[in-house]
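What follows is a pair of complexes built around chain A, which joins chain B in one and chain C in the other.
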Partner chain A sequence: MIVVDLLLMLVVAYAVGFLYYGLYRNITARFQRRFGPPVWQSFIDSIKFFFKEESTSHGWMFYLGPVIMMSGAIMTLFFIPFFTVGDTFQGLSQYGNAFVILYLLVLGPLGNALGVGTGGSPFGAMGITRGLTRLFAMELPFYIAVIAIMSLSGSADIATIASEQTTFNAFAYPLLFIAAMISFIGMMGQSPFDVPGAPVEVYSGPASEFSGKFLALLMSQSAIFTFAKLVLMVHLFLGGASGFLELLLKTFILFIVVIAFGAIYGRFKTPQAVDFLLKVPTTIAVVGLILATWS
Partner chain B sequence: MDLTLFGLTDIVVSLKATNLANFFAVLISFSFVMVLFLVPKYKLSKSFYALLALLTASLFLIVYAADYLLFFIGWEVMSITTYFLLSFTLSKEALNKYIIFAMASALSLFIAILMLYSTNHSFLYTDAKESFSAMSPVMGIVFTGLMLLAIFIKLGTIGFHYWLVDAYEESQNLFTPFLSGVVSKMGVYALIIFVVNITQPAYVLAVMGVMTSIIATFKAIQEDSAKRLLAYSSIAQLGYIVTVLGVADGMGGALYHSLIHTAVKLLLFINVAGIIYVTGRSKFSELGGLIYRMPQSFVLLLIGIIVLAGMPPLGGFASKFMIYTSLLDAKYLLILSAVMFSSASAFLYVYKLIYGIYLGHPTNKKLESVKEVPLSFLIPQYILSVILIVIGTFPALVVPYFNRIMEESNLKSITFDNTATLVSSYAQYNGLVVMGAFAVVFALVLLFFVSQRSKVKEAKDRFDIAYCGEEPNEATHLHYGFGMGKELKRVGFIAVILKNSSSHFYDFLAKQVMALSELIRKIYTGKLSVNFNIAIIFVIILFWWSLK
Partner chain C sequence: MEHNGFIQEQKTLEGDLNSDTSHKNSVDFLMNWFRKRSIFVLAYGTGCGAIEMPPTFTSRYDAERLGIRGAATPRQADVIIVSGYCSYKTLRRIIRTYEQMSNPKYVLALGSCTVNGGMYWDSYNTIKKLEDYMPVDMYVNGCMPRPESILEGFIALQKEIGEGKASSWQKYEENYEFYRKNQEAVLGKKVEPSYDADWYLYDGGL
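Right after this comes the complex of A and B.
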């Protein structure tokens, strides 16, 4: 039973993830006065890459890099329940908690970083360096917000946090939400914090050495991972969801907000991004935490 | 046992095998055995091993002592034997730094225990609380300060870590795992008995600990030498333990993290020792690209860094989970955020460690012909990684032993559901499910990936990479990234941490001491006649004093 549940979660995340990715390309195109590709173009591309005749590898660690990345994305998905009520689409959430999820979020990228390092492309290593340098600054405001929410709900269980909200946490604790949102833009790989894979500066960074089916796997994991992160955010701040319609609506609104920021801002340099993240959202989060938990 | 000492007939010293002492004794003996595996590969003098044995004996004395007098004797013997063990390889400067700090630690400990004795005429741990509460508030603060100073120097808490990094870097490669694995744990032990038996200066510990872990983490990121990086990492990890000892129910997390840290630091230092043994280098800028020449060492180091970073599903996450939940329980929310921040920053240095040594490109022709490290280095690492994997899968396996210690100290015991599930009031963590799910998912993804029709071609050589249309060759600098983290110098907040160092303070202190001794030298010139005059003046003052 649980196996069927997990497989369905995976299928839904895969489909919705690619749909959102297609919409992202379209919407960003409209911002730039273009039409953009058809909605399913990214999906078709990824399938096409899977059928490329040949792809270059650099030994077993390189080969395993994308596999770990995919496993990390799927694990994250499995530990975040889709709904706050009912028994279906709960995944493995009862065995984990918010701390596990916070760590699982970085498991895949770090595993892939090993593959990238083995690949031997200096641009890959540059991308990883930039990503890791940004990582801790990006996580800090998010951690503070999540810790405050956990303390306020009296639980580190995602489903409990989601179902305990009478008013959405986003409105009850707006400062925490704003801080977490700024981090979230970075976690979704959007401007102005998209330093690791910056195509102009570092030749697409971590992805630069991956071709063919490796790239296909990376694209697929990105779709699943995107959806998992959106669901997490909905649970933490927007009261979770009780059905698919609600879940899709909330995740989509969140997604639109994120990509709108991504479309209108330019990219920071790495030290600028770190500096900004440690100053602005962190301060907001600390003030938010103190206001929310005072008394 | 009674001890007649300089006419003090009421001094009672005693040894006691408490559960806490047994736990640390297990850590000591286990680490000693692990280090012994390396002995065949290091041709060291007999006196080195004799001193190592003496050091281990003194550690046992520290943990089994049930009063502060024996504890102090053990502490002193530990400091001195460590000095002689370090003196085999350390430069004069590093050695001087070590001994000055070790003596400062011993001296402040000695004054503190004499203060304790003077109030109640007992050195016993069981009387310590009573003696402490009999002190006046000012005395109490001075006592706590001296005690913490002694402990913090041994732990290398930030500000008092000046001796530690050089000592770790230059120490014999066989000795470094032991130094980081257990000798530093004596600081943890001393802190635990202080917190349990005397008083818990909660905020001081929490703030000191968290500052230590953040600052040491950023210092570690900057390092180019593997041993220095691990030394700073050791400081940072002990910072977590200090932090968690600042909360009421933090002892479980502290014990758990001590266990994990001992195992993982033994693993990592032995791994690096192996690298130095086969290549003779320890700097990231001189290593690189060893993964396919030393695959076993690579995988073992990988397990080590996963634990060090606290990633689920290995052992590191279990102890981090305990630390986080006890901080959350105590509502130390900002402290918890800072601990998690430092933990996330640690990803940078653990990646640097594995990248600098094993990934990227070899920086030297010689590195392309090295072989896997000898079995002496691999066996202890395999044992340690199996332990860390088992603890990660069954995080509650060791909890019953910890609970005996908690019971003995009248602390709240750690809750768990079954051997795989840790339970806190906020959440539960099932190591078996996380490990099992990851294994299954990974296997299925790999199966799916391998079964793809698309062929995988191995690259011709290491230069067969995408390089903006250029063709790199031997002369091209490709081992990029061993300097990662340098960019942080441009971030204002972090640059402040990186630019300032405790060495400025100690240099200042040294200058002042020099100036003072210059001044004294003007009066005390060493001439007999002057000395005689000084003595006469002194006697006159004494005489005048006694008349008053």
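Right after this comes the complex of A and C.
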């Protein structure tokens, strides 16, 4: 039975992830006063890449990179329950808690670093270096906020944290939410923290040497991972969800906020992004942690 | 609605696209449909045509509404745009870039310079016909073609892809000797561009 549950979770995350990606491109186009592509454009792109021929070869580790990234995204998804009540769409959440998810969040980027490193493309190596440098700074405020929430709820179980909120954690502990949100914008690969794949600087960075089916795999994992991270944020700060309508509404509002930031702001340089993340959101998170534990 | 004219324009552009019926079976049809609706473009900006591409892809003409968007690297691209005259030095890079793209790949050539040399017909260091050195799927002529013409060229190319007729990449593989002979005639035995330090150490420049 759990296999069916997991498969359904995967299908929902894939479909909703690509829908959100299509909406992201369409809404960004409206921000730029364009008509924009149809909402299923990202899905069409990924399917087209599955039909392309492979002509490059850099050894097996290169091709394992996207596979590790895909497994990281899928495992993250499986450990996050979609709903706080009921038995369906719970995945593997009874076997792991928030610590497992925090660990799995970085599995994908690290696996991809191994793969891209063997590719030989200088832009790939530059993108990975930028990405990992940013990761250190990005994780610090996010981890402080998440650990604060866990200790305040007295539990590391995602569903418990979500269902125990009488007022949403976002409003009860606004400083922690703001700190986690700034990190989250970076995690979603949005401006001003989109340094690893900066289009005109490092030519899509880690993805620059991938073509055809492996690029399609990267796009699919990105869609699934996006949805998983949105659900995680909804559970930690917005009180979780008890049905699909609530889940989609909350994740979509969160998503709109993130892409609005992405559409408005320009890009930091890598040192600027690290400086900013280590100074501003980390300070906010520490102050939020002190205030929350004192009161 | 203020967007009405825009939607009408898009319908006119796409009306031609959806009319093709010449496909062998449903798998071919689906594959070609996905290929024509999603085109990643590597805009190789050579010559004056480079200036016509930014308006094509940004807010004013917005090629993304037809599924056409820029690609960052040759590995991810489906279409390479050669946007004007090619000097011998540029031709090396274009051929190298084209060969790095993965199949199926298409070539869109802009401007009279790629058709017959254009105003550079008697130049000592530009090629006259691009088709002698690499296959071309679609020409957009003009000096220079405006973004509207480029979009029409894209629509025509999408139509050919949908019908499965755009197959220049197969032509390049089948007639490689012909193309290689022409390339060597103007570029010498070593067609590939030199990188790093070897251009001033071994090749005598260029």
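Note that in this section the second predicted complex is superposed on the first by the 293 of 295 C-alpha atoms of A that agree within 3 Å, B and C clash if a C-alpha of one lies under 4 Å from a C-alpha of the other, contacts with A are read in each partner's own complex, and residues count from 1 in each chain.
The rule is simple: a residue touches a chain if its C-beta (ideal position, glycine included) is under 8 Å from a C-beta of that chain, and two chains touch if they have at least 3 such contacts.
Just so it is clear, the structure is predicted and the values come from calculations on it, not from any experiment.
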item: Chain B or chain C, by number of chain A residues touched; value: B
item: First (chain B), second (chain C), both or neither touched by A:G243; value: neither
item: Which superposed partner A:G212 touches (first chain B, second chain C, both, neither); value: both
item: First, second, both or neither for A:Y203, with chain B first and chain C second; value: both
item: Contacts of A:G86 with chain B and chain C, given as first, second, both or neither; value: neither
item: Touched partner set for A:S151, first chain B, second chain C, both or neither; value: first
item: Chain B versus chain C as contact partner of A:K48, first or second or both or neither; value: second
item: Contacts of A:F123 with chain B and chain C, given as first, second, both or neither; value: both
item: Touching both chain B and chain C, residues of chain A; value: 51-56, 121, 123, 203, 208-209, 212
item: Complex contact set, residues of chain C against chain A; value: 3, 6, 10, 31, 34-35, 37-38, 40, 58-59, 62, 64-65, 67, 69, 72-73, 75-76, 78, 102-104
item: Chain A residues touching chain C - in the complex, by the definition given at the top; value: 25, 29, 32-38, 41, 44-45, 47-48, 51-56, 121, 123, 199, 203-204, 207-212, 215
item: Residue ranges of chain A in contact with chain B within the complex; value: 50-59, 61, 63-64, 66-68, 70-71, 74-75, 78, 92, 95-100, 102-104, 106-107, 110, 113-114, 117-123, 125-126, 128-129, 132-133, 135-136, 139-140, 143-144, 147-148, 150-151, 154-157, 203, 208-209, 212-213, 217, 270-271, 274-275, 278-279, 286, 289, 293
item: In the complex with chain A, residue positions of chain B that touch it; value: 289, 291-292, 298, 302, 309-312, 317, 320-321, 324-325, 328, 331, 333-334, 336-337, 340-341, 344-345, 347-348, 351, 354-355, 358-361, 421, 424, 426-430, 433-434, 437-438, 441-442, 445-446, 449, 452-459, 462, 464-468, 478, 480-481, 484-485, 487-488, 490-494
